[in-house]
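One chain, subunit A, appears in both complexes that follow, with subunit B as partner in the first and subunit C in the second.
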Partner chain A sequence: MGITRRDILRATAAGAVVAGTSSLPTGLFAASNKTVKIGMNIPMTGDYAPWGLPGLYGCEIIAKDINGAGGVEIGGEKYNIEMVAYDHAYDTEKAVQGYKKLVLEDDVKMVMMLGGSTVASVLPWAQRKKMLTTTLLPSDITPKSEYLIATCESHPLYNVTGVEWLAKNFPEAKTAAIVTNNDAEYGLQSAATYKAAFEVEGIDVVDVNLHGFDITDFAPIVSSVLAKKPDIFCMATSFYVTPLMEQLYHQGFKGKIISCTLDYYDEIIAKTSKEFVNGTIFQFPDFDDPALNDKGVNFPDPGGFDAKFRKDHPNDWSAVSWEYPAILLNWIEGAKAAGSVEPTDVLKSLKYTINPAFVFGGGKWWGSQLWGRDNSVVGRWPVVVVENGKARIQEYRSVSDWLAKNKDVLIKHMKELGLRTV
Partner chain B sequence: MNSRLKKIIGSLVLLATLVAIPHFLKFHHQDLLIFLTINVLVVASYRIVTLTGEWSLIHAVMMGVGGYTATLLFKNFDLGMWFTLPLAGGVSALIAALLCFPLFRMTQFYFLIGSFAAGEAIRLVWIQYVNPFGGTGGLSGVEPPIIGGIDFLDAIPYYYLALTVVGFCLFILYRIENSRIGLTLHAVHWKAPLAESVGVDTWRYRALAFVIGSFFVGIAGALKVHYLGTITPNQFGIGFMVFILIWVIVGGYNRFYGPIIGVVVLTVFDESIRSFAEIRPAIYGAVLIISILFLPKGLESIPAKFKAWFGIGSNSDAPPLADK
Partner chain C sequence: MELILQSIVNGLIQGGFFALFAVGLVLIFGVMSVVNFAHGELVMIGAYTIWLLHAQNGLAFIPAIGVAIIVVTIIGLLMERFLFRPTRDDPLAGLICSIGVLFILQVVATLIGGDGPSKQVPPPFHGTMVVFDSLRIPYQRIFSLVVSIVALSTLWYFLTRTKLGWALRAVALDREAAALQGININRISMIAIGVGGALAGLAGALMAPLTNINPHMGHNVIITAFIVTIVGGVGSLSGAVIAAVLYALFHTFVTVYFGGTLATICGLILMVVVLIVKPTGIMGVRVSE
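Entry: the complex of A and B
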């Protein structure tokens, strides 16, 4: 049996650990190596910072490990990885400036971004400069966006796995209410996906509550939704999971709770109770989860990564902590296969791989039916449930299998909510 | 050397500087220069509103009206920039004209709050109606023009384009301010009862200033969206409006060039403190307080102060009709 990509990744990380170098400064090692710069044009301040800054911390851990182990060999040469970040604070003006700084001044070979309007504002430049750019929102992909890929988070398609699991394990739950922020980038995309997933499982959606931003009092929203007596309360990418959970707790909700994210769930437990949060279904695991040792997972030493992250940044773990690192690992794999760090070569190499090394395994390129280009990787995704105050993966389910059977239902709901399809 | 010759030489030096400056900047600072150029038009158009003594909190939103108009015209009707720019200004002016009826029933503080409420109502329409405004995520896919083989997606060509448009608009604004209309606007501010006693319809002139200001800031919005390619409601929120106020107050608003000095100095200052990201608003606040305490008439009053200290020329930094 040949060496797999996953073996290479594991060996790289293991090498770093064995060498015992990860706690030392990156620059002290392999000074003779070349340096390849990877850009992050992300929100590091402002409301969106929790979906940017933890990703930078995660990438720095990975880069430090790799550099400490002697760098990465690409095309017969050793490279150190250097992360270069620009804080655009989720502002389109700054996103353009940051993108140009990274691409034209810092000479990065890939730019990782969160997604949404900030990505849309740099797309003409990505195309012009043939710069490999990544997003966590595949809905940013358009038929023209050749250089924009989503190799990790397939937001919000993975939400279907949570609904599948819920329906299988709690068949008595027959009605659901969806609450989310009213925006086409995050909230509506997620709402459409949940609606499709509920329809497929035969669960009636009794309410879709689209709330605005800058809300401070969620009591009326939760009251009005609970008045419809749903068995399932679904938070589809709400930016306000914590206050919604608080209200559900105070208003005595006893049904099932499913959410896209449950960032900082320990804070939610502190504000409510462990018993209340237990059983909440969501989609983003902690990386100390034993289920991540599953052989299909393409992330080296997830437990070690989790421990390092929480040691260096004890209060900063969020959904993106491992996502940007996973994209960085995808890039390294693509560069190795291409024998080049140049963006066009790496893109070609990644796209050439029919079954790319998706973080949770089972990855395949997808997207032309929905966004006009197969530039998003979908694969297995974990269903996570809070058990005894700790997030634990219940099982992996296949997003690509679900899409193969139900994409028309999804497209129907996307169109109903006025979202772009192709 | 006579003053006319001095003015000509000064103008040529300024023009040469403006033409040369992008070539000495880093790429991302070239973008900053474009946004600065557009913001010069934003503050200059805001000044025409303040000439009548009314300070509004809707100017940023009127810029957004222009931006959304240009975006929708480009995306739905494939109209090029030369059509979207004036139409963006026109729609902003039209909305402003409609808003005059409720807003100018109020004055001073009440007008300020009323204009904020009206602006937020418009912004909420953009947020609430995903179709056609795109909701909080806004709209994207607007492209700059390609003229004679020059692709205006590049920063330097677009800067020259923006500089030309903004320069032309500033010229018109300057001419308006120094025309009979401009003098009447000053009169409405400083001598309203006297102006009314000689038959000046102060409501109409306040409304006119508001409409003119909105027209030009609408053009600024279109200029911005054609470069950025995207537009979101958050770009035109109260945060940006506060920046406009700070630029105008710190620069000074008694002279045409006062707000322009304000936006230029503070933009450069803002970029220089980029590394203090999280405390930048606090620094801005401190600058505003210091400015009000020590330079109540803004940066524009510094030359007059110097002249006064050194006993050169006259110390006239007051507007034409202000009470001495």
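Entry: the complex of A and C
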């Protein structure tokens, strides 16, 4: 491809900013454009809302910028992007309803979803309607899920990079305890990955404490785990990072803390202290991080995106704020390359790209060895550490390199925890 | 030994919360014969009030607790006047009404707090008390425990040392006999749900800095309240308090030694065992037909 998505978006974003057009109604600039609708079948209410709604906000910012700059040219025609969202509240029945509405009534060309049981419930529909569907959980991919792809988040594989970095920088940490929710979609997948990563680094896992979603008091759980004196407290992909951190603070934990996410870490600091949260390792950067200007990163003007997001939605930044937008950008690239907005054409064009423009660079299609189909993109992923109360990228590390060397260890731990592998 | 002591302290603090919301549920059931499924949502509204007034608008924590109690009490009174009183002769209708209120309050909380993440309230009492260099108790939890004990003691005094309290207990024992003695059932019902609501509001307010606040947090509260109520003996206030403390200790120790996943299951099994072995619960009284 002569012109990359990065070039186009940089140009359009710059055009919008220079002309001061991004705040003006789209129609003033692109009244004659066609409209392509992109669906989001996500949780916008309920416990899972933090991993849905901020993604919609992010996509709306990207769509507004693109439309404000005149739209996107696909197959010789100009298109405006319109986001159409449905709130399934992480309910499988609502997810199917939403999927049908988006596909049959709204005529969307792609449906973005969070993942898990809600994705599993719509997969037969995706297959029947040949509808390009995306997930943030590649563990949703099956040998038969031809139209389901994960082009941005490869949860929880990237967690291995945090453990690699920890082991390299804190070799004195030799034991770890894992605490997370006991579910096959988030907690167990993540626990298995962390167990594998710890094993590879020679770190002994002294406890794996799994809990349900009905816990209101984390004091007993943390007391129980800290009694085993771990050097590292790993929260895997916990839905309860804030109360766990609070308990670690009150119970005087002095070791290293590692987690998949640390959403709303400013609230955690408010509940504990900046000094306590400093040093916590996780995987999701703020987008005002200077390290995102690294030339391998495929996201246009991350700092500008971060500023717009926080201006419009000051308290809503989460791990997914940039992930759905990154998928939207992947789709645009695929559609441009295909010269078509039709789902099957875009899918084909994306899959034909051997080195897809992964958000953090170095991407390649992967997954058949674990889930039976190469429909997930893995690449570099940042290791993020809280420094002086602010999340900062320390290093990018390669998930694909780790998998090339250690996938058998990962598969062993996935199987041990009863998770599906091929 | 350290872990056992820490677990006992954790259990006692948790027991204080359990007692606050379970006693309210028992009071409402005893006096009005209504299973108030929306009781967990009353706790949730108490927590939301703290988030809105204290965390978002800077009102001091103690006055915010007072407002939370008043807000939830008013909701309770409205429920009694417009839902439970008209359906008093049909317990099933009261139950269904309470389920309706449950959903309404969840939507109200979503409207107030917006979609998105759980709300967090920074603890007004920072820091941790360290005893013998091993036992660690956050000041926020100590405050909550003390307030719970004071609230429950005040309730005990009210129920056992005041005429209104006696009237309330009389209605709980036998509504018709109490009415024949000249006790105003409507007034007593209002007081029962008012007190129950106030305790729920207080529980929510005290929990707010210690938990994730979201419109669905009432689910776990109501399950716990039902377990405590059944184990303690349906209708028995003292039973509810004893069961709350015992259940909290039980839940804490199972969590510590067998894991969090098993803890709630064990709690439900405990409830089933009590129903089979001693259907009246710890302090319940068998009533002849």
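Following the convention adopted for this analysis, the second predicted complex is superposed on the first by the 414 of 422 C-alpha atoms of A that agree within 3 Å, B and C clash if a C-alpha of one lies under 4 Å from a C-alpha of the other, contacts with A are read in each partner's own complex, and residues count from 1 in each chain.
In this text, a residue touches a chain if its C-beta (ideal position, glycine included) is under 8 Å from a C-beta of that chain, and two chains touch if they have at least 3 such contacts.
Bear in mind that the values here come from a model prediction, so they are computed numbers and not experimental data.
Trainee: Quick check for you: in the superposed arrangement, does A:Tyr240 touch first (subunit B), second (subunit C), both or neither?
Mentor: second
Trainee: One more residue to check, A:Lys37. First (subunit B), second (subunit C), both or neither?
Mentor: Neither partner.
Trainee: Please indicate which partner A:Gly418 is in contact with in the superposed arrangement: first for subunit B, second for subunit C, both, or neither.
Mentor: It touches subunit B, and subunit C stays clear.
Trainee: So, does A:Thr45 touch the first partner subunit B, the second partner subunit C, both, or neither?
Mentor: A:Thr45 contacts both subunit B and subunit C.
Trainee: Give one of first, second, both or neither to describe whether A:Ala227 is in contact with subunit B, with subunit C, with both, or with none.
Mentor: Second partner only.
Trainee: Where does A:Thr92 make contact in the superposed view: on subunit B (first), on subunit C (second), on both, or on neither?
Mentor: In the superposed model, A:Thr92 contacts subunit B only, not subunit C.
Trainee: Looking at A:Lys351, would you say it contacts subunit B, subunit C, both, or neither? Reply first, second, both or neither.
Mentor: neither
Trainee: Identify the partner contact of A:Lys390: answer first if only subunit B is touched, second if only subunit C is, both if each is, neither if none is.
Mentor: neither
Trainee: Would you sort A:Lys271 into first (subunit B), second (subunit C), both or neither based on which partner it touches?
Mentor: second
Trainee: Do subunit B and subunit C land on any of the same subunit A residues, and which?
Mentor: 44-45, 182, 212.
Trainee: Using the touch rule from the top, collect the residues of subunit A that touch subunit C in their complex.
Mentor: That would be residues 44-47, 49-50, 53-54, 182, 209-212, 214-217, 219-221, 223-224, 227, 240, 242-243, 246, 249-252, 263-264, 267, 270-271, 315-316, 318 of subunit A.
Trainee: So in the complex, the part of subunit B that touches subunit A is made up of which residues?
Mentor: Going by the criterion above, the answer is residues 26-28, 30-32, 35, 124, 127-128, 130-131, 134-138, 140-141, 143, 153, 155, 228-230, 232, 234-235, 277-278.
Trainee: Given the complex with subunit A, which residues does subunit C contribute to the contact?
Mentor: It is residues 2-3, 6-7, 10-11, 13-14, 17, 110, 115-118, 120, 122-123, 128, 130, 136, 138, 141, 207, 209-212, 214-217, 219-221, 223-224, 251-253, 255-257, 259-261, 264 of subunit C that touch subunit A.
Trainee: Which of the residues in subunit A end up touching subunit B in this complex?
Mentor: Subunit A residues touching subunit B: 44-45, 87, 89, 91-93, 96-98, 100-101, 104-105, 116-117, 120-121, 123-125, 128, 181-186, 188, 212-213, 417-418.
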